[in-house]
Amino acid sequence: MGLTALCPGTFDPVTNGHLDIIGRAAGCFDAVLVGVLENPSKQPLFSVKERVAMLEEAVGDLSNVRVGAFRGLLVKYAKEEGAGPIVKGLRAVTDYEFEIQMAQMNHRLGGVETLFMPTSPRWSFLSSSLVKEVARFGGEVEGLVPDHVRKALVEKMGA
Amino acid sequence: MGLTALCPGTFDPVTNGHLDIIGRAAGCFDAVLVGVLENPSKQPLFSVKERVAMLEEAVGDLSNVRVGAFRGLLVKYAKEEGAGPIVKGLRAVTDYEFEIQMAQMNHRLGGVETLFMPTSPRWSFLSSSLVKEVARFGGEVEGLVPDHVRKALVEKMGA
Amino acid sequence: MGLTALCPGTFDPVTNGHLDIIGRAAGCFDAVLVGVLENPSKQPLFSVKERVAMLEEAVGDLSNVRVGAFRGLLVKYAKEEGAGPIVKGLRAVTDYEFEIQMAQMNHRLGGVETLFMPTSPRWSFLSSSLVKEVARFGGEVEGLVPDHVRKALVEKMGA
Amino acid sequence: MGLTALCPGTFDPVTNGHLDIIGRAAGCFDAVLVGVLENPSKQPLFSVKERVAMLEEAVGDLSNVRVGAFRGLLVKYAKEEGAGPIVKGLRAVTDYEFEIQMAQMNHRLGGVETLFMPTSPRWSFLSSSLVKEVARFGGEVEGLVPDHVRKALVEKMGA
Amino acid sequence: MGLTALCPGTFDPVTNGHLDIIGRAAGCFDAVLVGVLENPSKQPLFSVKERVAMLEEAVGDLSNVRVGAFRGLLVKYAKEEGAGPIVKGLRAVTDYEFEIQMAQMNHRLGGVETLFMPTSPRWSFLSSSLVKEVARFGGEVEGLVPDHVRKALVEKMGA
Amino acid sequence: MGLTALCPGTFDPVTNGHLDIIGRAAGCFDAVLVGVLENPSKQPLFSVKERVAMLEEAVGDLSNVRVGAFRGLLVKYAKEEGAGPIVKGLRAVTDYEFEIQMAQMNHRLGGVETLFMPTSPRWSFLSSSLVKEVARFGGEVEGLVPDHVRKALVEKMGA
């Protein structure tokens, strides 16, 4: 028993920056649920199924972390799963303002709290979209994502 | 006689945050013109006609406020209507930088001043796009927009 | 058993904004330790003893919250008390940058995590120093601080 | 009759950046009251009397601008003078956050609105403290402050 | 011999703000290479060929500046051309955060340094997209871009 | 011959973050002059002489870097030494705004350019004042400053 932190995101694909946040959240809460957002109005590189599978492989050695997927409002998903508070990594000040607005809306809609965890300095420049852009042009992403994600990226891009 | 403040925006749809700014601007200037932008390159949820009508209903009890619509450069519209200064609500620091650039450009193009009014803390998390996203997924928007706007949102989304 | 969140601060004096954060942290963790900083190089309005007493009265009805005081490095205090993660409220983007640097230093010094909780919009303008400035010039602080703090402020200022 | 905008500040000393804001505010409102803050806990370079005199000389050709001085809460001064809204120039994003907090506090304390006017780009780097620092080390401040202020600065520094 | 600074950008079209940065970079380094990005996933107003030609005409009187074009990763282009460090103009704080992430990624990918040069205050409001928006609606862009760029804009928009 | 970059600062004391910037600047310019500011109105922990000596030991293996000291306006020092552009490391967005104002003032006063270099992510949390605070309370600063600086800190604090 106890609190399950909810780490939501698109994870297209998961990076070492995400894993740093998930691992540290796993040390602060009894359990962590990683929630993969399925956004019908966006065109991701990897399907929800692929994103969940890559995450599951990446967090395999963290016994109190599990991975799920959701559509629609995050607060509904939190309620259904009995999860909360929401825990998010934050890289930049610019992100922070938008995230604060989301957090205040989620608090109003569902009484769910959001806690922010600063990204480790060594991953502060890292994002899924930047990783995809680097991979698209043949740059080296080793050390930025887990090895199985690197392989999946090369496969997608090379096809 | 006297100055007419110009409150421009897309208002797709008007929120309680917009109405807070319009009402407070109406207390600082002789008259207020709410200018609804018709942007041909964007796909709004509500037509200009619908947006103007929703605004007119919402500001009905403010005797020195009227609603209009415009295309193209804001400074031209301000000149044609004899309105100025421009008054805008500001939520976040990130908005502020872009808005300052617009204000400086408008000053150069037409000598029109822009004044910023900080959003009331209770609406600081509110935006038209967040309201639409909540409504799209069946979340409750009561208290975030006027009641006739809430009904219009439900109708659009439910169709 | 479980995790004790540590809410550090100067609390000179505690405001309703601080209490909002402490109360919400108490809902996210098994226990909360409020740590009052005794900074020998600063001249506070209230002594550490007074600040602790005002906090204890203010959190009296929160059964999983206790109040303590510390000098020196926060990470040492966290270790001694077996407390962590650190939980801090954040009002502004400007605060955020300094706090992130502190969080990264504390992580390096003692492996302690810091989680940030956005201040409720209704208290976003509130700080101990602003409250003291208002009280100093005879402004009304009712509703900004608990009633026993308001009385203590009037007494200090009036003397 | 009509609204009197209140432009508060320390003006130690007035710069061309301040005068740009005051002049533009004078074009947006019926009248402008420039309020010079007498802050007993700070050690200004120029006395309140000197600061008011320098301002009066600088705004002499703006017929709807007058200069006054105040101590204590700005909202009390606004009430006493029948002035409002408050109009402030803003240079930087960092200033903006603090100013928003002050504006929200002033709204709560006295129902007074605050409007922000972006500093003209050509004065965006200018502040009273930077001008004093330049003058202190013998740098040229011509073109940054009115000529009578430049002379007063040289006199103070040279003594 | 010596260092060649690399000024990358989309330049769709080049503005007086870009030229200010390029000219000042030309005074700080032995040579400057202006690198025009050909981004296949974006729809520019002017072709790469047109953008390069407009730049070449604009920098014609700067003897140590040349213009090139590239696709893909900036660090590869820098390596191929033996150019570095990267020099970028910065207008706003919001830009700065994204640019810092790019700079850190480029440092990791290719060991290339990035130096930022603050935009001159008089161009702080200027961007290619704002210029295009003004031109699209018949606003005057004289003084914001070189004259040959102004003509090219009018031609494109008028067609 | 060629350009000498000027890296100014208080360096009280020099940290590994400063050395990272100085070393990278030494790779971008023909020579680097590190300028230690002697600010008579501040009370540093180390004298100018000590700060210069610590820097000289720290940069001893960089053949194109030398260390000096100055009082008063930075632009005068740059002129006297024939140095420029100014190169500064930047950690945070909040720093950036103040630094941009200084850069614009220095450009106006002396035509001197300023270039900013983003601090390496691993030192983004590091500042002289934070190092002194940690050392003051007996925290470990190994790995944050060069070893001879660590010893000097311990000596000063322990006395």
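Labels for the chains are A, B, C, D, E and F, by order of writing; each one numbers its residues from 1.
Everything below uses one rule, namely that a residue touches a chain if its C-beta (ideal position, glycine included) is under 8 Å from a C-beta of that chain, and two chains touch if they have at least 3 such contacts.
Since we're looking at a predicted model, the values are computed, not measured.
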So which chains are sitting against chain B and chain F at once?
A, C, D, E
Chain F and chain A - chains in contact with each
C, E
Contact-richer chain pair [D-E vs C-D]
C-D
Turning angle required so that chain B lies on chain E, C-alpha fit (0 to 180°, nearest 5)
120
At the place where copies chain B and chain C touch, is the share of residue numbers found on both sides over half (same) or under half (different)?
same
Rounded to the nearest Å, the gap between Cα centres of chain A and chain C is 30
When the centre of a chain is set as the mean of its C-alpha atoms, what distance in Å lies between chain A and chain B?
34
List the centre-to-centre spacing of chain C and chain E in whole Å, with centres computed as mean CA coordinates.
47
Listed in rising order, chain E residues that touch 2 or more other chains are 93-94, 97, 100, 103-104, 121, 124-125
Between which chains does touch occur?
A-B, A-C, A-E, A-F, B-C, B-D, B-E, C-D, C-F, D-E, D-F, E-F
Which residues of chain A touch chain B in their complex?
72-73, 75-76, 93-94, 97-98, 100-105, 108-109
Sites on chain B touched by chain A in the complex:
91-94, 124-127, 130, 134, 137-140
Within their complex, state which residues of chain F touch chain E.
2-3, 24, 27-30, 84-85, 87, 90, 93, 96-97, 100, 103-104, 107, 113-118, 120-121
Contacting residues of chain B [partner chain C, same complex]
93, 121-125
